[in-house]
Amino acid sequence: MISDTVFAAELAWPDYQRRVQGGAVPILIPLGSMEQHGHHMPMHVDVLLPTEFARRAASEIGALVAPPFTYGYKSQQKSGGGNFFPGTTSLDGVSLINALKDVVKEFARHGIRNICIVNGHFENSWFIVEGIDLALRELKWSGINDVKVVVLSYWDFVDQASIEKIYPDGFLGWDIEHGGVLETSLMLLLHPNLVSLQNAVEHAPATFPPYDVYPSKPEWTPASGTLSSPKEATAEKGEILLEVCTRGIVAALRKEFNFEGDVVAAE
Amino acid sequence: MISDTVFAAELAWPDYQRRVQGGAVPILIPLGSMEQHGHHMPMHVDVLLPTEFARRAASEIGALVAPPFTYGYKSQQKSGGGNFFPGTTSLDGVSLINALKDVVKEFARHGIRNICIVNGHFENSWFIVEGIDLALRELKWSGINDVKVVVLSYWDFVDQASIEKIYPDGFLGWDIEHGGVLETSLMLLLHPNLVSLQNAVEHAPATFPPYDVYPSKPEWTPASGTLSSPKEATAEKGEILLEVCTRGIVAALRKEFNFEGDVVAAE
Amino acid sequence: MISDTVFAAELAWPDYQRRVQGGAVPILIPLGSMEQHGHHMPMHVDVLLPTEFARRAASEIGALVAPPFTYGYKSQQKSGGGNFFPGTTSLDGVSLINALKDVVKEFARHGIRNICIVNGHFENSWFIVEGIDLALRELKWSGINDVKVVVLSYWDFVDQASIEKIYPDGFLGWDIEHGGVLETSLMLLLHPNLVSLQNAVEHAPATFPPYDVYPSKPEWTPASGTLSSPKEATAEKGEILLEVCTRGIVAALRKEFNFEGDVVAAE
Amino acid sequence: MISDTVFAAELAWPDYQRRVQGGAVPILIPLGSMEQHGHHMPMHVDVLLPTEFARRAASEIGALVAPPFTYGYKSQQKSGGGNFFPGTTSLDGVSLINALKDVVKEFARHGIRNICIVNGHFENSWFIVEGIDLALRELKWSGINDVKVVVLSYWDFVDQASIEKIYPDGFLGWDIEHGGVLETSLMLLLHPNLVSLQNAVEHAPATFPPYDVYPSKPEWTPASGTLSSPKEATAEKGEILLEVCTRGIVAALRKEFNFEGDVVAAE
Amino acid sequence: MISDTVFAAELAWPDYQRRVQGGAVPILIPLGSMEQHGHHMPMHVDVLLPTEFARRAASEIGALVAPPFTYGYKSQQKSGGGNFFPGTTSLDGVSLINALKDVVKEFARHGIRNICIVNGHFENSWFIVEGIDLALRELKWSGINDVKVVVLSYWDFVDQASIEKIYPDGFLGWDIEHGGVLETSLMLLLHPNLVSLQNAVEHAPATFPPYDVYPSKPEWTPASGTLSSPKEATAEKGEILLEVCTRGIVAALRKEFNFEGDVVAAE
Amino acid sequence: MISDTVFAAELAWPDYQRRVQGGAVPILIPLGSMEQHGHHMPMHVDVLLPTEFARRAASEIGALVAPPFTYGYKSQQKSGGGNFFPGTTSLDGVSLINALKDVVKEFARHGIRNICIVNGHFENSWFIVEGIDLALRELKWSGINDVKVVVLSYWDFVDQASIEKIYPDGFLGWDIEHGGVLETSLMLLLHPNLVSLQNAVEHAPATFPPYDVYPSKPEWTPASGTLSSPKEATAEKGEILLEVCTRGIVAALRKEFNFEGDVVAAE
């Protein structure tokens, strides 16, 4: 039995209880999706990546990682290709809001006071905010006023220097990074056996008008499902991304959760 | 990239599409929980076990396995010890109903017509029925009338002969098998590194009055969180259970999903 | 005007107020259904029987009986024949959860602290738990922490000795007692004018595979709608059942609601 | 067994099926409440009276009566005294909407096409409309477009001639008839054993300003809970009311449900 | 910038904060609809009129006016002609309940303790009550117990003397005033450029049976959409109505919100 | 009466019906909020601006403008300062989703097939998507498959050339334009009497870490409530913005709604 794991669900409850009592130890909840990521990557990229970032950050600061959310909100055309692809399997907004609300409240019931949502699927952002707001409201009704929730998407920690290394020909924005160099590089590093770069479809970056249309217009999305070509992805770029994002997440959590080096050492 | 995997989310979408088109290939959805399972087992037993049963059954009949539900309904005192243990992390009924409803409808949108819920957490049963009923209702409104859903809990396939081998001193019912010989034997076989049998607490089988009380009465549950002693668990018993349940599940799916040997062979 | 009635809704409000103030007097809420019960019994068996058990138990311990829930959750194939029969009239899960939540909270607002759900329809069980959990949660938000709810189904109080008398040829489980000897015997005793035993259809006990299928498969249910033959039902067996269940319910409520004989006498 | 009953739930399902097939036979659903009705009447007046009107109307036109809704919407100060009285036990709006929606849809599933809501509790009106609107919307999604629902409150059928007989000193409006001459006269006629006219409190008719205030102001409601004095109630007045309302309801249903005398006779 | 406006949303937040702090200043929330009002009036009569009443009352007592609700509950046949007219654009009950609940809670969060709903659309009444009840319940959970909400519809303040002046040939009830003399006279006075009295259709007052039918029967509503003829409407009658209703509303708010003349003067 | 207005609610229903029949005429729905916009602007900026853009676009292409949504989703710290300011008055996510769903469905019921959401409040975006998705789903259930919805936020149409003119010292992103040069310039042009530029607080652009924290941290938001200084705002810049955004919106709608110049001329 792995008693030194960071994965909360791998612990027996008495070990979990020892870890969370006092409320100082944070828990990180990865939120993903089952969403097409082109011809060259599997559909649970958005689960695998935030789970790995959560694992690394938790290891560094002595936190726990909760079981990931394996389904997320509906893929949007300009950030994920659209929800019409076979395989993309999504929740209604209210389903995601409620499930996240419930889980946040349960961890607070256990005594945890520092919670971090590690998002791997852009479209979830919209409903994470509401799930947390409702959870904090109900926790207040229960007399619990000291829960703090950090919400982050790992790509937001990529800095300018890294962008220049990863996109030497210019960076066109995170929007069209769906199935592109960012995710593919990380997957090549972390889960190379799940990537088939040779299947990747090369195409010009997707461009969209400054508005959305519903029902989605499949002709707007490149037929591959990716929004920019992943051909320039490499495991080396994955290293850069992994390093800068992990470092950023760790720093953010240390700051917001008032970690001292000693506290972490003592874990 | 693993194109021969049974795990749907490990596929790229074009591979998934090829597999599901025509509607004959079933998808199996494991439903678990994050729930305490005593001092000797981790809290995601109810995810690990149905996922493994689903994987085995899917391999045999050429089906797919969907990402598991990692959180489930509230642990009940007489079947799971109760929801008051630290670590047990549960959803409200309506959250589970809605999330399952959404996912069933999405797989139907992809063209899948044969769906199996492989449940690993007794308390989910109550809300799986409603989630499916609502999904089928809405699918009908969308003109889809030919989706068939099989719901099963793997332990229901243990036959009398196996029970006699596994419980030579008599069987007291599945209710109190929470964290007991059944689950522990399977975990010893399948995930031995996640079990610490030496930490298991020996105690007489839990007994309960013929009614329930809310709020739960912690004094009714053995302090360990298990409802019967797992001490007699062995990997060998796990083999018996694995074999009989897998065989039963496979037979059920073949029958309900009209599989011919040839169809499966052709997969 | 019947001021000594146990039926709360037969009281004028000042009488009700006198009875409930202080919070010691329990209220029993019968939960039934409108569900087919074969060719020989009416569709409100699941309302009539728990109401009568509630009435008898309330009389003995000085409790009140609330108006029954006349509709319940969807009939399931393996316990009630299935929801496809004409006449069976059911609620969605969330409707039942919410209505029960509301009513429990209202009785708590009146000052009642001991509530018992007397269930007569197996399928309700699934949603009673959630309705109570939500009610207790919201009551806590209102600062009310001392409400206790006992949930029971009357048939769970039949003991082994009674079973042997009632089923001399062997007992096959409560599941298939839908419209069978249990319910029919009680109805023959309590509401003989509503039973036509001559219309009962004799058939072998229903058998089901160890899984469920949705949509329901009508061919699994005996055409009569009952799951076992009621032909051996008698009013005498009804007497045995009535006595053992009433006695069990009374004992349970005395125990859980901390009744002393004197308290009851003083009512 | 009463095969000639108008109460649908007293029928065995094959009898029910025979009655409803073809869709011509209407079903009447009584909607009541558990609500204080002063010192002289029990709290289920609003269930008893519409059930009796439904029974009489159904008998005349060959219709069925469904099980009553035993709980209703929150009592309002200007029509029912307010929801703060002990004993008054109410549902949230959405609970009532959903439960009624479910039941209407179920009767339509059985083949019934003519449904009448017989309301006995003014405050329900607000949510009956929405429950029916949602039911008809969902039935349309299911391809059922020919369900017709009549909604009525029995008191709306009292004509001017009857009012003059019943209120010789002048009529002040149905609003303040809560627990007054109307309901009390009907109860004296139909359920005299449930009325204690000697306990009735005499007081001037309640008067209210032309607006509402929340939270309710208990001082606005006469302390008795009634809004006008029931002292002038008599069983004879009950006869007048029963006759005129029953006649009106029957005529309305015949007209809306296209009944010919022959059809009814043929029942 | 208009710092002396009564319209809260025309204020900058620091000005708003100054006005509401202490909680004494009331806020009035106009609730309207987008609903047909015959051939001679626009579809936002039910927004314009309560907003104007709110503006006038707020000016007199030193209150604020919140942004109006521009959509309301479904038009009913006997009070608004029915929801089948093109142009009538309505909310489901639960949508209106929830939106109003949210807004009431937000104003309470700002410190406001005196809230008035100024309703201009009869059908909203049904859901205003529930929205307020839920808001007050949740505010209590948040520890806020001193919010008072007055609910009024402006026409309820027309007194007998005014009725006699406005309807010299007899008054037939507010029900059929939809698009009739009341609303048209007020619009002629306040928004003459939005009224085309020459387009008004003259017809006898609508009469309805003492029950409702769903789906609505368009043949019950006069083809014009109005329920009584607006031909006798004049701006002078509008003056009478404006004066008597404003006076009544002001008096009600002064009384319920404990205004002293001095307090108002000091505003 | 203004029969040539673009505001749908200013029309009488027969005029509205003439306009919408055939389905070609689009309707534009402005979605705003009541949200603080600093010391120098009122709280309904997000209603006024999209309504004006909608009015102009509708005038050019012969479309209609629906009544605006006057309340929106909760202000977020990094785009609107946060929801903790007095005056900011917001809806829960599900309330906004449902209200928008209802309104979209109603316009479709009237025969409209081209709908445009003109958003003025960034935070709404998150829930507009879901409201539309649910509306289109339910419309499909009703057999209506040809409704097209364009969603746009006016600021997304500002092109690079305009940005350079408006922000000669560099543009820092739309995020921090809350109450800044963009909105203030437009308000100075369109509603100068509602702006007090002298009250505007000058401060450096707000900077935020690459993550969010809940509950919000008021110290992150400049005390003024604006996220960048509006001091450089001018009516001339407002002209540039008004022109480029209107032009862009008009082009987008012509394209998506298949407008030919002739069609518009023919209106």
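Think of it as A, B, C, D, E and F in the order they're written, each chain with its own count starting at 1.
Going forward, a contact is a pair of C-beta atoms (placed from the backbone, for glycine too) under 8 Å apart; a residue touches a chain by one contact, two chains touch by 3 or more.
Note that the coordinates shown come from a computational prediction; the quantities given were computed from them, not determined experimentally.
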Chain B and chain A - chains in contact with each: C, F
Farthest-lying chain, centroid of Cα atoms versus that of chain E: B
Whole-Å gap between the CA centroids of chain A and chain E: 47
Chain centre separation in whole Å, for chain D relative to chain A (CA means): 55
Chain A-chain F separation of Cα centroids, rounded to whole Å: 30
Residues of chain D engaged with two or more neighbouring chains: 92, 94, 141
Graph class of chain-chain contacts, one of line, ring, star, complete, other: other
Chains grouped in pairs wherever the two touch, ordered by label: A-B, A-C, A-E, A-F, B-C, B-D, B-F, C-D, C-E, D-E, D-F, E-F
Chain A contact footprint on chain E (complex, rising order): 138, 141-142
Residues of chain D touching chain E in the complex: 74, 76, 92-94, 97, 125-127, 129-130, 132-134, 136, 148-152, 156-157, 209-215, 248, 252, 256
In the complex, chain A residues that touch chain B: 1-2, 8-14, 16-17, 20-21, 34, 36-44, 47, 66-71, 85-92, 94-96, 98-99, 101-103, 106-107, 110-111, 193-196, 199, 225
Touching residues on chain D, where the partner in the complex is chain F: 140-141
